[in-house]
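What follows is a set of structures to go through.
Each of the next two complexes has chain A plus one other chain: chain B in the first, chain C in the second.
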Partner chain A sequence: MKTESLNEEENEILQEVINIGMGQAGASLAKLLDVFVNLSVPRVSWVNDDDFVVKVGELVAGSDDSWAGVRQAFYNQLEGEAFVLYGTNGCGQLADLMGYDNNEGMAQEELLLDVTNILIGACLVGVAQQVDKEIDFAAPTLVGLDKPIDDLLYSRDREWDQCLLIEVNFHLEATNFACHLVMLMSEGSIEQLRSGLLSFMESY
Partner chain B sequence: MSVPLLIVDDSGFSRKAMLKCIPEGWDVDITQAANGEEALAALRKGLGEVVLLDLTMPVLDGFSVLESIRDEGIKTKVIVVSADIQPKAKLRVVSLGALAFLQKPFDKKSLAAILAECGVYSED
Partner chain C sequence: MTVRLGDNSLGYIIDRVDVGILVVTETLDVVLWNRFMEANSKVLATSIVGKNLLDYFPELPGQWLDKKVRSVQLLNNFAFTSWQQRPYLFQFKHHRPITGGVTHMYQNCTFIPFEGSGGESLVCITLFDVTDTAISHREVLQAHADLEELSHRDALTGVYNRRFMEAELHKEFKRVERYGGKLSVLFLDLDFFKRVNDTYGHQAGDKVLIEVTQRISDVVRATDYVARYGGEEFAIILPETDIAGALIFANRVREVIEKTPVLYEEHALSVTASLGLSEYREGIESYDALLDQSDKALYMAKKQGRNRVACY
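Showing the complex of A and B:
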């Protein structure tokens, strides 16, 4: 039997916990790039693993035609994998901002790995801290550059029970750079998350 | 007399958390708003002598609310309560006229301390 995703109240708390994680991620990104980051309200939804690729496709539709993707696995009490998806146009702007030449493939790859590590790390550590759960990370890996979105999402470790889609729009002031963060989690992790969210609520 | 207090946050959970953290001895008349436009509408009606203001919100964000308060010359005391912890975000809200910045997540103690610091409520 599959775990139901969170109920309305639990999702509301999750939204706030993610908001706090995103605030930490945005501050880290601002520090790395020395720019002001305009944060948007993260939108949170759940889908089954089977629908993951289609739903992510819908989420990012219209914002870019080709994408770069970086994935990073996490484990311990919260276990799953996360992807950060970058529109190719935005990647170019990010490279410009950091003073990289667009033709330097390796440098751009390193930049995306760094930015992903910061975003996923800060966001998930922020969430894990609020819900008082342990989390560790594997190194991020580049899934692809300049690809259609579908190509990036099929390289997964395994099937997951539930996918948490978090639409985040980190918009760097004076650029078009924006990226999306999506996460997949195991059933056990969702139970951990649920118990953590309830304790977080009771702490008020 | 009760102080008109306006709580502005798009998250219902976050508004509830703020309500729970309001000092018990503080005589306030509370209005809630879920975005910047609702906040400005309440402010124009005089419902926000003190405002607890979130920054990241749909429709109209907290930065824009502060700009409108300044441009319209609305008399109010704003404390920003946000998860946006960029040093530049704090500088911006203060330059736009906010009295103080309270980082999320907060608790009763930190809210009471900020209220005291801003001279809007003191336990003594």
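Showing the complex of A and C:
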């Protein structure tokens, strides 16, 4: 049985919950880097597995030619996988801010993993807390560097057919760093999320 | 009856689990150091607990570690390191001295923030030995590289195969088309090769092909590509070479093939080759057309009596 996506009302609450989550992620990043972080209001949408690659492609089209992708699995009551996509041009400037030595060979990769971990951790922990669900994280891994978007998203076997797309741009003071966050969740998690959203709403 | 853990059970488990566990304060003073850490570092918990980590391990990336620990505490979020980017945190020996072929233990680490009993900000660091994973990964990469290399080669002679040669020629062609420069292509076909096969058998034919390939390989430059195009036909790509230079080279090849007979069992087989040559000129549309020119030149060399070089 295919899980229905959330209805309009539930989506509105989800949008609100994610706004708060991303706000926390932005605040975390600002605290860590000690710079101002401006972030766009997250655009939240659902796509089916079939047009996942196409939709994500449309979402990021034009903003960059090549991308770096990092994935991180989360599990427990909310389970799924999150991707963060970074335009190659934008992420070069972060290393200094994060205290990485640029001469270190793997610094760029490790930096992307760290930033991803912070963004996904802050955002999803924020969401999970609001909907009162447990969440844990596996270590992030690099999917690819400097690749066209299709190469990063292509997967032989995607198990889940509902993907939650969250598009958000982070702009750091004096840099033009932007990224896109994409999340895939299991059907069970979407049910958990739905029940969590409803109690979140009732508590207001 | 419910079985309960004893008071010291958790401490015992933490000590004996096959994972490195240490706890540090925000100034990197050590609070906990388990048996895995003792065994691998040869530093006992009784000596290091209460002391600064960097005093005992000055080779640790101190600035980075400091920042990592503080960020974990500040954000109250787990952090990770992976062997793929940072092969190890602590420079430990690995446990595969015979089969490993690596110099240290690869580690994945997790940084977990928590509060001490007095409200102190603490960070627990766990170290997983992932040397086996790293070695398997390296073996897979090596196998992949070997397979790729194999897929470029002709099985009998070991020189490149036609598919790889055409791909490389395509790249060279694009390069001179865009940036200018010289490019010549040489086709080589052994004369009356069928007679060798018919008279002495296919093994003799194979021996001739291997020997001829060896002689060609001995005279080419490192930047040239020698490929077996099919049967007894070879192609040689000569980057940065005009037709005059290619002609000198082609005659050398012809000579080294003709000069010495190929020995097969008690027979000395005389071998000669015909060669066709052409160079890139502006207006040639594709690498195919360049190949076609060299092929036509080869046909001329054959027609003019073999054992010679013809230019398009």
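Throughout what follows, the second predicted complex is superposed on the first by the 190 of 204 C-alpha atoms of A that agree within 3 Å, B and C clash if a C-alpha of one lies under 4 Å from a C-alpha of the other, contacts with A are read in each partner's own complex, and residues count from 1 in each chain.
The rule is simple: a residue touches a chain if its C-beta (ideal position, glycine included) is under 8 Å from a C-beta of that chain, and two chains touch if they have at least 3 such contacts.
Given the structure is predicted, the values throughout are model-derived calculations rather than measurements.
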{"item": "Which of chain B and chain C A:140 touches, first, second, both or neither", "value": "second"}
{"item": "Contacts of A:54 with chain B and chain C, given as first, second, both or neither", "value": "neither"}
{"item": "Touching partner for A:40 - first (chain B), second (chain C), both, neither", "value": "first"}
{"item": "First (chain B), second (chain C), both or neither touched by A:122", "value": "second"}
{"item": "Chain B - residues contacting chain A, complex", "value": "10-14, 16-17, 20-21, 55-58, 82-89, 104-105, 107"}
{"item": "Complex contacts: residues of chain A adjacent to chain C", "value": "28, 31-32, 98-101, 106, 109-110, 113-114, 117-118, 121-122, 125, 137, 139-142"}
{"item": "Footprint of chain A on chain C - complex, ascending", "value": "63-64, 67, 71, 74-75, 77-82, 84-86, 108, 110"}
{"item": "Footprint of chain B on chain A - complex, ascending", "value": "9, 12-13, 15-16, 19-20, 22-24, 26-27, 30, 36-37, 39-41, 130, 201, 203-204"}
